[in-house]
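Each in structure tokens, the structures are laid out below.
In the two complexes that follow, chain A is the common piece, with chain B as its partner first and chain C second.
Moving on, here comes the complex of A and B:
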């Protein structure tokens, strides 16, 4: 079995594990006990927190891919950065939508000008800007080079967003599992939450890998298209020759 | 190192000369920002107490949105031919970046002072600890200039660059905006400002370091 076949098997295993963990996570999130105050509404925490952690990891992968691209100039790292940013934006969109629904049911408003909410929206826009930049540059090398710089800068938003709850007075709940004191969550709920968080990490890996494969195929198709129909600009220019061009 | 700073000074002086000839910031952007302050105050039609309370927020909002225009002004953009020529002369891309950012910082600080005075006069808020205002103004000016210059380099020559740069700069400038508005809040309420100053200083340093490091790859792979 060569390395490529082994990689395919590993990722097939990851896909199977992703589906299994997601199914277990869904079952656990509906069978875990309801919250004493919020009742069944608290079940939104599983999707909300699971998605946000996966989105943070995705954005960290974007920065890592960008940094590695700057160092090595390998296109695969640029594909990693782009794929993880796309998946991260989708996951973060889920976080914002679920959070807004939860906010409406608990705070009585879809949106409040709260530090965590505002910073989350801002982070979402940072990565939308990153994707807009990628779309604006047709040349693959230029695109990879310029978006790599933005990918690294954008990483700075993650700690600011996460710690905004600590730095500023916020309606949003503070750290639950990673609380500096003991965890503020009941054992069965914590188990369900950790399972969903793990499932979302596996989902992230699967989605990023699939998107990277598509990007690789897109790059190959572009190369074929340029190779067959394109022309080299230098073709129009002839090398000066002694005695004039023949 | 002397060569580096000499190049920085050359680019800075060049950008200052360009501004003297075109008056893009002093003649257009600053009056535009001042008009925005007056217009917002007029549209709100609030009483003086409400305006005084909302004043710092309005002021910083205008400074950040219009400040982005200063940072990405047309006269700061170099044509591909100019870039190529500078590269062929062996100019250090990091020095060029620092020089451009320094020029933008100078314009932004002037912009903040003038628009701040307009805000102070028209919105009527008071700041008891005046001594610390220059620190905030300088840190915001440097940070916004560094971010704008970096975004300008990332998006140069792109068809959608004009819309793209503000989309990149505005969200990334939020930590600066928060630091600046919180500092002004605590100045008004006479509480400690150190952690907000440190936040802005950190943002400035991070963006400057990334800008200097990214300048060469951005120039060499246009």
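Moving on, here comes the complex of A and C:
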């Protein structure tokens, strides 16, 4: 009892920090100086890079959860993998949308098929595929085993996407913060970016933990309702009948 | 919680379980690597002036990228003319159409068009901003020109 109360308190602290850091991050995003060439357009870096780092961490958590599930066979690790994949996909969706707006306003195009954007699209669909795979397998154990394979393998997309700007000539610029050389960003902008990046990490923890709680309740409810066999996605959908449903 | 993982199938050992994980994992990684190696050439978004000068480009229409040389920009009736460099080689560009909003001397550009042996005739321009972010007061960290071959 005491243990779980302590856990609740820790996560409440995470929630409070998430909101506080996000607020500070938003203020800093708009008070940091404009870039000499891009002007105010450069402010899109804060949400774009902040989200992508959190998405990478989320996908890394998916791989970690998958691996730990294979080793320990504990359902909670499978739920960690599933929850962080969902959160990661949403964060990566934000990255793509903000990136497209940034691209249109600076490059002059919403989308180009250069290496970085192509690999980002592939990565997005790989993780959408992961979520689809989870929906397609009714048996919880089979589902956990099979998605663990994809959850670990899909991690390869992160270095491929991240280093695509180094391996191939691309329209997308190289890394600023995560570059091996010293950061090529003015101090105030760097501070704002690091704040937003930190805020997004807290947001990630907060969301994944909530999603895991919901998944646990879902699993328990499902077991009560239909036993451990689960159900097939789309079971509830009725096939259209000639002459109307009976 | 333990109930959710189901009962252990009869006769399945830990080793068997790991093998069942590893075989598809290695197979998928192999396919991924094969796809990447196959796609590698077409993932290059643009060529560099060095590629043009060395005459290794076979396509009629392609993209080149590089930095707009300082002091080379002149406006024409149809568009702009300037020189693009990758730090090693430079080529002259005749661009038809209005330049992008951020177009200026010293910025990176990606142009689509064809090479007629002496100048690159482009009709599509994208501005490639680099990974350096500086304020108006000119505070600069490690500013380096965009190198096409980096």
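Here, the second predicted complex is superposed on the first by the 225 of 246 C-alpha atoms of A that agree within 3 Å, B and C clash if a C-alpha of one lies under 4 Å from a C-alpha of the other, contacts with A are read in each partner's own complex, and residues count from 1 in each chain.
Going forward, a residue touches a chain if its C-beta (ideal position, glycine included) is under 8 Å from a C-beta of that chain, and two chains touch if they have at least 3 such contacts.
These figures come from a predicted structure and were not determined experimentally.
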item: Partners on chain A (chain B, chain C) - clash or fit; value: clash
item: Dominant contact partner of chain A by residue count, chain C or chain B; value: C
item: Touched partner set for A:76, first chain B, second chain C, both or neither; value: second
item: Which of chain B and chain C A:187 touches, first, second, both or neither; value: second
item: Partner chain in contact with A:137 - chain B first, chain C second, else both or neither; value: first
item: Partner chain in contact with A:129 - chain B first, chain C second, else both or neither; value: first
item: Partner chain in contact with A:145 - chain B first, chain C second, else both or neither; value: both
item: Partner chain(s) touched by A:107 [first = chain B, second = chain C, both, neither]; value: second
item: First, second, both or neither for A:97, with chain B first and chain C second; value: neither
item: Colliding region between chain B and chain C, picked from 27-35, 81-89 or 99-107 after the shared-chain fit; value: 27-35
item: Common interface positions of chain A, toward chain B and toward chain C; value: 70, 118, 141, 145, 148-150, 152-153, 156, 160, 167-168
item: Chain C residues within the chain A interface of the complex; value: 1-6, 17-18, 20-21, 24-25, 28-29, 32, 36, 40, 43-48, 65, 100-102, 104, 107, 110, 125-139, 141-143, 148, 150
item: In the complex, chain A residues that touch chain C; value: 33-38, 42, 45, 70, 73-76, 105-109, 112-115, 118, 139-141, 144-145, 148-150, 152-153, 156, 160, 164, 166-171, 173-176, 179, 181-189, 219, 223, 228
item: Residue numbers on chain A that touch chain B, as the complex places them; value: 70, 118-119, 122-123, 125-126, 128-129, 132-133, 136-137, 141-142, 145-150, 152-154, 156-157, 160, 167-168
item: Interfacial residue positions of chain B with respect to chain A in the complex; value: 150, 154-155, 158-161, 164, 167-168, 170-172, 174-175, 178, 182, 195, 203, 206-207, 210, 214, 217-218, 221-222
